[in-house]
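Next come two complexes, and both contain chain A; in the first it sits with chain B, in the second with chain C.
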Partner chain A sequence: MQYVIRRLGHAVVVIFGAVSLMFVILRLVPGDPAIVYAGPSATPEQIDVVRGELGLDQPLYVQYVSFLGDLVRGDLGESLRLGGSAVSAVADRLPATGLLALSAMGLAVLLSFPLGIAAARRARTAVDYSISTFSLLGQSLPNFWLGLVAILVFSRALGLTPSSGWGTWQHLILPAIVLSLPLLGVLVRLVRAGLIEVMGEPYILTARSKGLTGRVILYRHAMKNMLIPVITVAGLQLGQLLSGTVIVEVVFAWPGVGRLLIDAISNRDFAVVQAVVMLAAFTFVMLNLIVDLLYGYLDPRVRLEAK
Partner chain B sequence: MIDTTIDTATVPSRPRRGGRVAHLRLYLSAGIIAMFVLVAVLGPVFYEFDPVTTDVAARLLPPLSSVDGTSYPLGTDPLGRDLLGQIIYGARISLGVAAGTVLGGLVVGAVIGIISGYFGGRLDSFIMRLADIQLAVPPILLAILMVAVLGPGIQTLIVALAITRWVFFARVSRSSVLVARERPFVEAARVSGLSHRQIMMSHIARFTVSPLLVVATMQIGLVILAEAALSFLGLGASAQEPSWGLIIANGRGVLLEAWWISTLPGVALSLLVVSVAVFGDELRDRLQPDLRLDD
Partner chain C sequence: MPAVDGVSMTVNRGERVAVLGESGSGKSATALALMGLLPGSADVSGSILLDGEELVGRGEAGMRSVRGERLALVFQDPLSALNPVYTVGRQISEMFSRRRGLPEREARRRAVELMERVRIPHAAARIDDYPHQFSGGMRQRVVIAMALALSPSLLIADEPTTALDVTVQAQILALLRQLSDEEDMALILISHDLGVVASVAQRVYVMYGGQIVEHGATQPVYDRNAHPYTAGLMASLPDQYSRRERLVAVPGSPPDPRALPAGCRFHPRCGWAESLCETTPPELLPVDDGHRRSRCHFSDRVLQAGSPR
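Showing the complex of A and B:
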């Protein structure tokens, strides 16, 4: 319980800090923020109204306090381009991004085990080298380029999938695969290395000397201990996955939060930009917190160490 | 029954390759990187290309075309600009941004990390908490936010990316310092009356060199990718600067009629990034086999 409270406290501090960091960056706007927020076509009167609304005529610390106050009330301002609040603009796009991110994550976790196990069992053979090469490529190839090549090959040349947009489950296939590759690459390496390490542990020898079959040892004894690092790393890599959605959504015209962010930047719709980045930071910190707690629950040693 | 025997006596948990394969990987990747550097530095001298002039008559020519005595080995883009020339200039931008960013992030991060690790205590916890906070915003998003606020362009991009990088250098140099600080000769140096500054400069700093080198190599790959991605999104290089990411974005509108514009710069980008990743991997195996880079 003490562990939970400590982690929770840490998460609160980090979110508070991240929010403050964002306040600083948004105030770095060269020139008058009111002009930027009001948009390029605003009249001087409109700019004055915006300045009053944003409290930009107040001293900086007053702005900061009211910024925090708005945040606690969930008020992140109005979208200039879309009308309505920035928060609801983001909320509308959230399901599409959630679907994409969770599909990619699920795909990566599900595929990483068979591939990692195959590589570990045939370590230093052609199978191992091809799987390792695949995981290296998955981790380092640029996803926006991979997405375009996938469109050319699978949609254009083979006609297997729709090239972009959304609506049916077929639309999800290409973006989810492209988004999952970097995470898959990381996890395959992890499962491979972890399995080889675990198989050297004394308790595996014990199990083997008890006469248990390879299958039982692998799935009952070794896998249980593999789950912990895989869950941890999958959780920690979620930030990467979130950044990846921005690019994948643009490439495949997927109507999620990432595309909203890029559209908002080109329209200089700062309230929406701010809302998206806040949401990303919040999600990321929460996920880290969940991973930490889960880790402490699965592996009691962590809780003791943290004291 | 399936065979699950894994011979743990001979297989190390890290995929360390046999001597010959490792050598090949190291030299091959180093060779490819050197080639890119050479093209970036000397390419524009030998291959005449003007990134600004457009030629509508020569638009969307496929690779291996030749018009009026001018040959276009890799074809042209929608504005009739030579693709090979753009890719050669793109290498300059890609490597230039990577070098500037990583150098900036490394210097700032290493100084902060060494000071933080050496003095420890409150200063150390404060700095490390700051690093946690910054990492709460995924680096690419932080860079996007800064570019969105400051406006696009190569210089902004370098600054924004460098700010997202210092954390990684600070963390790795700090952890090396924590180990080095406990060595007897540091105690001896302190007793013999050297100032903190002297101890850090002449006794501590060199312990951070090899881990920093490994991290820097890995970061170069990530920064090249980040630059290309941001330019692809229209948040990096301006229209007169043919960054690979920007060329790929330019080809998107005509992807189905002119496949070469988006795909070929990506081949250059992928080759470079993969080579840097392999080189970094081999470097780590040689210099810092225990270095953890996940956190």
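Showing the complex of A and C:
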């Protein structure tokens, strides 16, 4: 428990760092939100007025301090483009992204274990080679390319699924599959390699010498040990999934946080960008915390050290 | 490539027998072959009879029912032989729950009993500990408890004390001796350690290059060697067996199973070797009073000499 509290403390520091970094980067890149906000026909005087209203004429450190002050009060600012608070803009889009990300994650986890186990049990056979090739492709082909090809093949040519937008479960199929493929590829390879390694351990020989069946040996004695390295690397890969959401949402016109972020960046909608970054940092830190807790649950040797 | 060749052993109920030899002499391969645990690429031929029942060619399912139930194995390194992510209690009790189908609570109760039998202090409290929380000697007791669970008729202990401290070694050996007496359980002890073998085994098989080179009751074999290799092993002991200043090693190294010497496999390292030894492999033949066997052309001379050359 103490460990969890300490980790939550770390989380606050990480999120603070991410948001601060984003604050600086946003103000260093070219592009003035006042120009965008005032509109294309605005005179320089009007733009100056808008800049003053937004507080953008203040020195950077003054802006930063007032930003932090608002942040502590839970106010992430107003969206210049959408009106209303940046937080509610993100909250509106969150369910769509959550649905997409969780579907992709679930798909990757559900498929990777049977595939990885099959490849490991038939190592260096045709089964193994086809599964390994497939997972290597899934891992290395870029999301945006896969997305476009999937739309061309399954929506345009075969007409099986809608090409973009959302609303029905059919809309979810392509983006979820495309988003899951890189994670799936990594997980399959991890499960395969992990299982092959664990099955060579002396305690597996012990389990066999006890007369246990192959199934008990695989699912009891090997599985939990195999999960330790898989979970470790999978935790790092989840960050990849988060950034993948942005690309996939844009390709499939999925109305989620990722597309909101892209729109906000192109419109210099600082408050929304900052809110999304905060959410992403928070999600990433939480996922890593879950992975670490899981790790301690799986490996009693780690659990003891943490105490 | 044969790792083991023409090994023939007999163990009677309740008897303790040792297999003595250097690393690479085929001791562990023999143990795994007995359990049917050699990798699928290995080819086991011949005959393994357990209470008159043939084990070779039974297949995986047939061997599985024998493992643990009638044949059990204790490994060299108890830390790597135990699964790090499960408590010792679960690893012992699964012999009852998985193999015998006993309910969890009953299996657990039996696991505590077993831990007490192998003299693990505070067994009831320690049953939920993980292997890494035990000392080396206690871990080996856990492994022994697992092996004993289903009261096998034969226990194979492959270098059971090699990974342990010397003080703990003696305790584990005493435990094995005692358990084999109490249970009328036969024991095959595999070791490279002359002292360990002497303290446990009633009979000894000396292995070299995948073959048995000498066999007999432990004390006579130790007192008067009938094979130059055994003689060399005895000469390498630093204790009361020989009072020399320098330790004597058997010259050379064990043969590579892929390139075994012609004739007698020991002849390149043997002080007794003559031209016959380079061409003709010796048979394992009775020597002395006929209760012993040696695989040497000149076993009579070796016996007479009583000490190595």
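List of remarks:
By definition in this document, the second predicted complex is superposed on the first by the 253 of 307 C-alpha atoms of A that agree within 3 Å, B and C clash if a C-alpha of one lies under 4 Å from a C-alpha of the other, contacts with A are read in each partner's own complex, and residues count from 1 in each chain.
Methods note: contacts are C-beta pairs under 8 Å (C-beta built on N, C-alpha and C of every residue); 3 or more make two chains touch, one makes a residue touch a chain.
Because the structure is predicted, anything quoted here is derived from the model rather than measured.
Superposition of the two structures on chain A shows chain C fitting alongside chain B with no clash. In the overlay built on the shared chain, the residue A:Asn225 is in contact with chain C alone; chain B does not reach it.
In the superposition on chain A, A:Thr213 contacts both chain B and chain C. After overlaying the two complexes on the shared chain, residue contacts for A:Val127 are found with neither chain B nor chain C. More chain A residues lie in contact with B than with the other chain of the pair chain B and chain C.
In the superposition on chain A, A:Tyr203 makes contact with chain C only, not with chain B.
In the superposition on chain A, A:Ala18 makes contact with chain B only, not with chain C. This overlay, made by fitting chain A, leaves chain B and chain C with a least C-alpha separation of 6 Å.
Taken together, the two complexes place residues 213 of chain A in contact with chain B and also with chain C. Listed in rising order, the residues of chain B touching chain A in the complex are 1-8, 11-15, 18, 129-130, 132-141, 144-146, 148-151, 221, 225, 228-229, 232-235, 245, 248, 251-252, 255-256, 259, 262-263, 266, 269-270, 273-274, 276-278, 281, 294-295. The residues of chain C lying in touch with chain A in their complex are 35, 37, 64-69, 72-73, 75, 77, 80-86, 94-95, 98-99, 130, 132-133, 143, 146-147.
Chain A contributes residues 10, 13-15, 17-18, 21-22, 25-26, 28-30, 120-121, 123-124, 128, 132, 136-137, 139-145, 148-149, 151-152, 156, 189, 192-197, 199-200, 213-215, 217-218, 233, 236, 239-240, 242-243, 246-247, 250, 261-262, 265-266, 270, 273, 277, 280-281, 284-285 to its touches with chain B in the complex.
Within the complex, the chain A residues that touch chain C are 201-203, 205-213, 216, 220-221, 224-225, 228, 298-301, 304.
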